[in-house]
Every structure is written in structure tokens, then in C-alpha cells.
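Next come two complexes built around subunit A: one with subunit B, the other with subunit C.
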Partner chain A sequence: MTTVQERLRSYGPGALVALVVIVLALLYPQYVESLGDLPLIGDFIPALSSMVIMIVFTMMAVGLNIVVGYAGLLDLGYVAFYAAGAYTSAWFASQQFDQWTFHFGSVGISKELPGIHLSIWLVLLIAGIFTALAGILIGLPTLRLRGDYLAIVTLGFGEIIPQVVRNGDNVFGFDLTHGTFGISPIDSPGFGSVGETLGLPLNYQQSFEREQWFYWTALALLLLTVFCSIRLRDSRLGRAWVAIREDETAAAAMGVPLMRTKTWSYAIGAFFGGVAGAFYASFKSGAFPADFYFNISVFLLCMVILGGMGSIWGVIVGGMILGYLNVEGLATLGSELQQGGIDFDPTKYQFGFYGVIIVLMMLFRPEGLIPERRHKREFELGVADTPLDDVTHEGADTDREPKND
Partner chain B sequence: MAATGLTETLDRLRKSGLTALIGYGLVGLVGVWLVVNLIKTPTEFINIGLIGLTNGAIYGLVALGYTLVYGILQLINFAHGDVFALSGLVASTMIVSVLGLEQDASVLAILGGMLVTLLVITVFFALVNATIELVAYRRLRRAPRLAALITAVGMSFIVQNISLAIYDVNFRSVPSFIPRSEVIGIGNVTYSWNKLAVLVITVPVLILLTWFVRETKQGKAMRAVAQDTEASAMMGINVNRTISVTFAIAGALAGAAGIVYLLQFNMRYDTGFELGLIAFTAAVLGGIGNLSGAVLGALVIGFIQAFNEGLTWYTPGSDWTRTIVFGILIMILVFRPEGLLGERTPEGA
Partner chain C sequence: MTDLLVVENLRKEFGGLIAMNDIDFRIPTGSIVSLIGPNGAGKTTFFNMLTGVYKPTSGRIEFDGTDIGDKPPHAITELGVGRTFQNIRLFQHMTSLENVLVGMHCRLKGGIFGPIFGLPRVRREEREAESRAKELLRYSGLRGRDNEMARNLPYGDQRRLEVARALATGPKLLLLDEPTAGMNPQETAAFTEFVRRLRDERELTVLLIEHDMKVVMGISDRVTVLDYGEKIAEGPPKEIQRDERVIEAYLGKGATTHG
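The block that comes next holds the complex of A and B.
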């Protein structure tokens, strides 16, 4: 057995940096206001509520990284998992199904309130599991396809699910999703009266320090995701993912079960997307079909690419940078420019901007800002990424008429 | 492991041919649905079919661009749909502002104007598409396939935002200088001039393309590179030039599609995204890399979309169009990944 000291030493200076960052992040609510008073950069400091959104999206990016970064499967429909998570939270913690009244661990609301109201903590777990199952269902028919087909099928699912949600207000007479109006309000997390005696808020939404509590919870969820992600990467499963990513045929020859391993990456990636989606829905107290569109998937993918595919720290950095630009940065920049007399609205072109980032990164630094060692070598040396199961793709017009040649 | 169990079951199903049975069953259901609709409302059915034919022709032009590029590089060129949208927008400027074609222009002016527009737009967007390949994809030819694919997604957003920057969020259209009066009308079945115009442009383009790929030296080079890049390089084919030419042709097709689309509908900066996806679905449906497959797939998708939006008996309606199109895509990939006209490998896929 290694002692704690030895283990700490084996992590190197990275662990110390991580620790400092975590402490600084935990204390962020304490000093955010004084940061806002700083000259020049003061306006650019993200508010606490923006930080919550940034962290939620970073969490999704870390989840997507499991699929794209570890297993090398391009998922262009991650937004579907986000939507699944958000709607799970809307189903189990709102008045959507007001034909039933069922309360379990709900906090800060009247027990007579119709609808299903489970504790949000439980809902987060349910959302994760439900989304993971959805991931398996999507994955089973599609994961045997070659990488680019998989991308397009996931994209298809990402497009189908919002439309199903939008049209889901009359599923054989049953109002499942409340159509374009979305479902709102959604219950808020809290610790109930038991927690109140310990100084924790009964219900976040009703608490005076609402944003602070949401922030800390988001941070805790992110840390949990990161922890799981690191443990997974170093596990047997994680090594199997890397093996498949680098050479599917060789991995299969070594006894790695391809389908099962890929499906797991899908399910686990989906799990975190679902939890993040459910938490976000609870934070903004609603799930609306307009929130789930293709651009979100690309936005998340851009975070992973900017940071470095497969590199957790990279993805966190990429996620926070892009999350910041999306939530606040570009808007602030726009208003600053406006004050400077330049009439240019950067938020309008934000996705063009992400497109530029994606292309530039892929061309000049495909391994990302903080590269993962192994991925970097793959980009330098190449991989054998021809799928094991494949269909032929003959050339333009194929060679079916040899008489013409 | 429930997942594995299911996979194995799926595998067994695939081998026993039950998947094929389910597939044919689904196709049969669609057939029944079409026949019942035809019997109930025959004139509408034919009218809607003509709309489907027109839309399918447009999808076909775009789908060919996907399939050409995929055939040669195994790359889904996501930017293709956005190049199409930009070409349509530029064509609208050209028709309205540069040429100033009006609704009451003479037939000669309209014909001449359209020909000039077609020529300028196809040449320009051939260059644009070849440039995209040169700038974004060429460096990644030896990189993992994921890298090029991701770059294509990025390029798609860049092109889309170029359209947004130039044309803002408003829809653009051209005056309906091609009359919407009917060419032929039998009873209530009508076929209008503006629908015919789509075919008048599309069919020659297809013939030209087929001739080019089949008969010319460059076309043969394209097929050779698509089959085996290294071997064709050894035979003295200039691979880089061949790939550039392929992208140029795809760009020209996108340009032609943009003009044709503009004759029928309004378009704006993001029109290309959805249409691109539909066209890609069409290419996969027909068997990606296969030119006639792309056109066939596009016609099928065009018909399905038109019937879904137009028919009345047990029809999901336009709210579900996107779901149906992508549902087809997923079904095709599950039941017949090589597409309608594709062929299976000897090893069995």
C-alpha cells in the first residue's frame, strides 16, 4: 500500500495546481463582487449566475469528452441527451402531470401541489439513468457504423428529439411535453427542514443566497464528473476505449468487445449529459424545446476540441472559455464596442466564431490547448481508424460498368 | 450485460433475415398508405407527386455534391449545404440587382439572364468549393478521419456566418418572372412553368455530369482516385488536382441547386443547413458514393416529404417532416447501410 504522501507526490505539481484552482473556485462567491470593481477588466468578470451556466456546459463537455475524446466516436447530437435530462427533471419535479399528485422528498412546496414532485437529488440520478438508457437505445443500432455515419445518425437524433418534444403535447391525447410552451416551473433543489437545522438552505430558489447555492452545487457536480472521468480513463474500460479509438481491428483481435465497449462510452457520456441537463432545467426552472438545437452540440464539441480531445483539464479550460464567451463575454464585448462607437454585435456571429476556432484548431493544433499525450501522438503518427465492420463505398459512379473503362 | 444481450439478438436477427422482413414490412406499409391515398384523392395525389418531383430534383443536385466528395475522400462535407445556401443568395443579388430581371421581362431576357446567372454562379462556386478544400481539408488528408469531419462541421458554420454577414437574417427571393401558369392541365392536375424550369435546368446538368464522369479523362481519374488513391497516384494521376476538380464540380452543382431552389422558394443564410441534411440523407439512402443512387434517393425523399406534407389520410403532417426524414436515415443505416443502389462487400458488411 502506498501512503497518502507517496500518492500525492506521484500526481506531481498538477495536483497542487488543481487544488488551488478548486479552492479559488469554491471561494468565488466571496470575491466576485470585489473583482467586478476592478478597472478595465471589471466589466468582463462573469456573474455568479453566468458561472453556473458555464459550469453546467463544461460538465456536458466533460461528458462528451468520454465519447469523442476517449472512445473516438464523433457524437454530433449530444444536445439530445441534454434535452432528455432536462425533460426528465421536468416530468418528475413539476406540475406537468397534474392528474396525479405524488410527493417524495420535495422541498419548499406545498404537499397538496398536484403533479409528480420528487427530490431534485433523486431526479438528477433518474435523469442520468434515463439518459444513459436513451444513449444505449440510440447507440445499439448505430454504433457498428463507421465513424462518419455515426456522426450523422447522432446528428439525426439530435434533430429528431427537439421536434418530438415540440410535437409531444398530444401523444395519443396525452400531454407529454407541453409542446412549444415547454414545462415550467420546475422545482428547485434544497435540503428540506433537516438541512435547515444544519444551516443549509431549505430550498435554493427561495433562499437569499440562491445563486451561491446553485453555484456550489454545480461545482460539486462538475468535480464529481471530473473525478469519474479520470477514474474511468484509467480503468480497464477506459483503456479499451483508447484501444478502439486507435485501432479497432487490433482491439477486437485482442479480445476487446467492440459493441459493448462503445455502448458503454455512449451510455456513460449520456449519463453526465442527462445529469447536467436536469440540473440546468432546475436552475432555470423550465425546459423549453427552443433550447435544444444543433448548434449546442457543435458548441460542446468545440469546447472539447479547443481544450484537447481526451484531456480532461483541457476540456474544462476549453469549456469555461467558450462558456464564458457564450454566456457573457461576447455580449459584454459587444456593449463595450458599442460604447467605443463601433457598431458590431459579436453575439450574432458567435457560431461563426466557434467554426473558426474548430477549423484553426484542427489545422494547426489538433491536440488542443492542453494536449493529452496519447492523443498528440495519434495526430502525429496517425491511427488505423478503418472500422472493422464496414460497407464498401465505391468511387464516384463506381466501377460497375467495366466496358466503359 | 443487457446491452450485449440485445446486440447479440440484433445480430441473430440480422443473420436470420428478420430485419430484412421488418424492413420490407415497413416499406409495404408505406406502399399501402400511398395506394389508399391515391384512391381517395387521385388528383391531389398527382399534384403533390409533382411537387415531390420538383423538390426531389433540387435535393438531387445537392446530394450529388455530397456523394461526389464522399466517394473520393470519404468525407462528409458538411459545408456543402451552406455553400448551396450562399450560392442561392448570391444568385438572388445577381438576378435582382445586377441583371434587374423583372416579372414582365421578355422571354429572351429571362432565358438569357438565367443562362448568364447559371454560368457565373456555377463557375464562382466551383472556385469557392475548391478553395474550401484547399484551405481546410487538404492538410488533413493524412490525419485521423475524425479530424477532417470536425473541420467540415467548422467550415459549415463559417460559410453560414459569411452568408449571415452579407445577407443578414432576412429571407431573399426573386420576382416570379417564370410564370406560375400551367404548362399542362388535365382536369385539376396542373404542372406549372416554374416547376418545369427546375427540371429544365436539372436534367441537362445531370446529363453533363454523367458524361463528364464516364467519358472524360478527368472523370476517369476521379473514379480511379475514388477507388484507390495510392494506386492512381502511382499510375501518374495527379491526385490533388483530381480532388480539387471533384470539389469544383460539387460546388458548381451546389450553385445550380441554389438557383433552382431560388426559383421555387425563399432562402436565407440557414436554409442550407436543413436542406443539406436532407440531401445527405438522400445520398445515404441511394448508397453514398453512387451518383445515380444520390438522384434516386433524392427523388424518394422528395416524394416522401411532399406526400407527408400534402396528403390527408393518416398523414403525420409537416410538423413531423424532419423526424420522418431522419427516421429514414436511421432506418436505412440499420437495415441497409449500403443504400438502395450500393453493394455489399464480399466479406459481408
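The block that comes next holds the complex of A and C.
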């Protein structure tokens, strides 16, 4: 049994940095305005509502990292999970299904309001589970594939889901997704009248400190994701993921069930994508098919690559940087340039910038900003995950080739 | 003595090529059996069928009373077949300890929620697994190498680590694919002794593919000779050494007659 002291030492200075960052993040709403008043950099300080979006996307990136970083499965369709989560929110906390009226734990809205209205906290959980199930369904047929082939199939699924959503306004006469109009408004989280007596907001959207509460909730969800992610990384399952990433054939021979283990990584990654999507839909009070383009998948993947595949802290940094540029940074830069008399709008070249960032990263720091120790070496030295030579060429018994005679 | 492994009429075709032609084969429990043959005789193909990497074209493989012919690799490992690879296939960027821990995968229970909530049951299991893994590393002669990256180990130690990892799967039958390839005579001698100890101390049954005749003749209870997917001889080492077909196959004369 390790003592507390030993454990603290094993965490190293990283733990201290993490603690400071968490405290600073928690207090952000307190000092964001004074930061905004600073000369020069003041304009570049992200507003609270921008922070919410950045954190939500970072949370998805951390979820994606379980699939791509840990298990080494290139998933180009993660946006599907985001969509599934957002629409779960829309189904269970809006007036979409107004043929029924069902309320359970809804806050700040009339109990007569038609539609299904569950408590958002419950909806987040349902969204996670629903999306994880979707992940398993998508995973079962696709995860038998290796490398590039898997990427192509996930790309397909990432395209299929938004199309389903877009055309889901008439599923055998049933309006499932309200088509291109999307579903809006979506209920807001809150703690109801019970929470109000404790000083918590009854309903976030109706609260005067709306953004602050959304921010803290987003932060809590991100921390939860990070916590689960770390725990899983250091578990039996986490080891099996790395083993599969390193050498599938050997992993199977050591008793790691490939399909099940890969599917778990997919499902768990999907779970967090779903929760993030559901929360985000509630935050902006709507789910629209136009939100779920392929771009998002690539964008999330960029976050993972920029930060360092498999490295949780790296992915958080990568996610926050790219999230910032996307939500606010480039626009701010554009207006600053405009004021300086330069007519250049960087938001128009958004994905161009990300592309350049990725190319530069690949050239100069392929292991990411904060590399995971193992991945760093893999990039430097390469992995040996080739199929058994005699398995790839069924038909040619390579065993017959003279090797050492 | 009962047979731990029974193979009947095992056949494998790759397209038109018959890599394994209706082989019958048995391994008595607690014995060390060697499989020899010139390059391309089908030894590794045979191993790959025993471990589920290949599906046999026809025939039956029965391990410890269970038909394993169409089981996936991990299920066969779980039943108690551990293996090493001809070209070392360690998880190179994992430490020795982690490699062995992965080997224990099917003997551990930790799922998803256990580790997340840090349940005492899972913590205890991890602790015990770790100490067992360390013990296995010591047993395999890798003392003090626990936290060394697998790829940084010297060649001989990598071979030993592969065996340690295979032992971690809790096998009854251990398949070693050319374990002494590339070792110097001292290392080979030590390794041979190690295999004998595995059988005697751990009550393992061992199937060995080996080119080094000194090793084969030294520790085998029985030797089976394959050539072009056919079993051409089988018996105690002494008899095999005198068998004419075996000598022919090894001197290369067989290649001309087989076309």
C-alpha cells in the first residue's frame, strides 16, 4: 500500500500545476472582467459564454482521445456522437413531441407545457448512455477493420448521422428531428425551487448569472471526463487499449479480446461526446442539423493531434487553443487588424489556419504540445503493429521463403 | 498419460497451396514436444492454427477436452494456451511490467466502473497483479528490469520477457516459436534449462519449434518432423536423429523429389 506521501510524489509537479489551473479556472468568472480591461491583451480575453463552448469542445476532444489516443483507432466521424447527444437533449427536454405531455424534474417551465421535459441532469446521463449504445452499434461492424479502412468507414458514419437528422422530419409519418429547422427551444438546466433555497439557480437561462452557471457546469463536466479518462488509462482496460495500439496480433494472443476492447473504447469515447453534445444543446437551447458537419470531426481530431495523442493534459491545451481561435480568437484578431487599417478577416480562412497548424505540428512536433511519454517514443521510433506477415498474404506461405539458410 | 492437445486430420490450404496436409498430432500432458523441419515446412502455420490466428481448412483441434478449431485467439489463450512469436512481438513502448500485466488480462476482472470509482476490489486486484507480475519477471530472469521499456532490453531479455508475458496468461500449454533464435551458446544453454524448469516447477506442457538441434535433442521427450506440410517422422530424439527421411529433408535432397 502506498503512503499518501509516496502518491503525491508519484504525481510530481504536474499535480500541483493541475491544481493551480483548476482553481484559476473555477475563479474565472470573478476576474474575467478585470482581465478584459487590461490594455492590449484585454480584447483577446475570452468571454464566459465563449469559454463554455471551448470547454464543451475540449470535453469532446478528451472523449475522442480515448478512441484515437489510447486505443489508436482513427475515428473521423466523432461528430455523429455529438449529434446523437444534442438530439437526445432535444427529444427529452423540449416541445418536440407535443403529442405527449410528460414532466419529470423539469425546472422553470410550466408543467402544462406539452412535450417531454425531463430534468437536464437526467437527460445528460440518458444522452451519454444512448450515444454509447450508438457507438457500440456503429463499432460492431466497423471495428474489425484496421487503420485506414476504419477511418474511411467512420467517416461514412459521420456523414450518415447528420443526413438522418436532416431528413428525420418524416420517419413513416413521424416527426423525429424536425428536419432542417432543428429543434428549439431546449430546456435549461437548473436546480428547481429546492436548489433555490440553497442559493443555486432555479433555471440557468432565467438566472441573472446565466453564463457563470453554464461555465461552472461545463467545467465540472470536463473535470469529470478527465477524471474518468485518467482512471481508465491506468486500468486493465487502458493497458489493453495501448497493447492493441502497439500490436493487435500480440494483444489477441495475450488474451485481449480485440472486438470487445475496441468497442469499449468506442462506447466510452462516445459517452462523453454524447454528454457534451446534450449539454451544449441545452446551453444554446437548440439542436440544428447544420451544426454537425464533417468539419467538427476534423476540428476535434486537430485538437487531439495539436495537444498530443493520448496525453490528457495535451488534449485539454490543444482543445482550448483551437476552441478559442474558433469561437473568438480569429474574429477578435480580424477586428483588431481592421482597426489598425488592415482589411483582412482571418475567420474566412479558419480551416486554412488549422491546416497550417497541423502541418507545422507534424513537421516540428508530431508528438503534440504536451506529449504522452509513450506516444513520443512511438513517433520517434515507430510502432511494430504489422499483421503477422503470413496472415496478410493468405495464399502465399511466406514461411517458405528462405530466411536464415 | 492423457493428452493435453489432440490434433486430428488438420489441414490448411492457402488458395491452391497445401500448407498442412491432414496432420495428426498429440501432446501428452507434462511433456516437452518439439516440432522441427526445414524452413517452410509449416511449423509456424501449425502454431497459428493452434492459437486461432488461422482457421483450419478442415480437421479438429482439441485442447484439454475443448474443441478450439474455430475459437478466436483470445478465447484460446483464456483456455490455457500461451505463446511466443518467432519474430519477437512485445509491446515495445510498454515497460516489462506492463507487458506482463497485459498478459494477465484474461485472468483479471477490472471492468469500467471499478477503476473509475476506485473500488477496493479493483485496487487490490491491481496490487496483487503487479506483485505477481514482478515475481514472474524475476522467475524469468529479468530481475531489476521491471520499469525498462521492452524495446530497450537486450535481445536475450526480450525473449525472456516474451516467455514471462506468455506465462502471465496462466497457460497449461506453452508454445515457443524458435525461442533461442539469435542467442549465443551460453544464452541458449541457460534458456534450455529454463524451459526444463518451466515444465518441472510449473507443471507446464511445452511445444517447441526449434532449429537448434542441440536444444531439441537435449530437452524433448518427443520430436515431430514436418516437411512441406507433411508429418514425415515422429518419435524420441534418438530415433529421429537416425531417421532417413529426416536426414534427407534436412540435407535438401527432399526438395528435388518434391518438385
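Just a few scattered comments:
Convention: the second predicted complex is superposed on the first by the 380 of 405 C-alpha atoms of A that agree within 3 Å, B and C clash if a C-alpha of one lies under 4 Å from a C-alpha of the other, contacts with A are read in each partner's own complex, and residues count from 1 in each chain.
The rule is simple: a contact is a pair of C-beta atoms (placed from the backbone, for glycine too) under 8 Å apart; a residue touches a chain by one contact, two chains touch by 3 or more.
Since the structure is predicted, the reported quantities are computational estimates derived from the model, not experimental observations.
By the touch criterion defined above, A:363 reaches subunit B but does not reach subunit C. With both structures placed on the common chain, the touch criterion links A:228 to subunit C but leaves subunit B unconnected. When the two complexes are overlaid on their common chain A, residue A:240 makes contact with subunit C while staying clear of subunit B. In the superposed model, A:136 makes contact with subunit B only, not with subunit C.
Of the two partner chains placed around the shared chain by superposition, neither subunit B nor subunit C is touched by A:71.
Contact with subunit B, but none with subunit C, is seen for A:145 once the two complexes are overlaid on the shared chain.
In the superposed model, A:90 makes contact with neither subunit B nor subunit C.
In the superposition on chain A, contact of A:59 is made with neither subunit B nor subunit C. In the superposed model, A:257 lies in contact with both subunit B and subunit C.
Comparing subunit B with subunit C, the partner in contact with more residues of subunit A is B.
With the contact threshold set out at the top, residues 257, 264, 378, 383, 389-391, 394-397, 399-400, 404-405 of subunit A are in contact with subunit B in one structure and with subunit C in the other.
Those residues of subunit B that touch subunit A in the complex are listed here as 1, 3-4, 6-7, 10, 67-68, 70-72, 74-76, 136, 139-140, 142-151, 153-158, 160-162, 164-165, 210, 213-215, 220, 222-227, 246, 273, 277, 280-281, 284, 288-292, 319-320, 322-323, 326-327, 329-330, 333-334, 337-338, 342-345, 349. The residues of subunit A lying in touch with subunit C in their complex are 1, 227-228, 231-232, 234-240, 242-243, 246-247, 249-258, 264, 268, 374, 377-378, 381, 383-384, 388-391, 394-397, 399-405.
Of all residues in subunit C, only 14-15, 17, 19, 38-45, 48, 51-54, 72-75, 77-78, 83, 85, 87, 89-94, 98, 101-103, 105-108, 110-112, 114-116, 118, 122, 126-127, 149, 151, 165-166, 168-169, 181, 211 touch subunit A in the complex they form. Only residues 68, 72, 74, 76, 136, 140-142, 145, 147-149, 151-153, 155-157, 159-160, 163-164, 166-167, 257, 259-260, 263-264, 267, 294, 298, 301-302, 305, 348-349, 351-359, 362-363, 366, 378-379, 382-383, 385, 389-400, 404-405 of subunit A touch subunit B when the two sit together in their complex.
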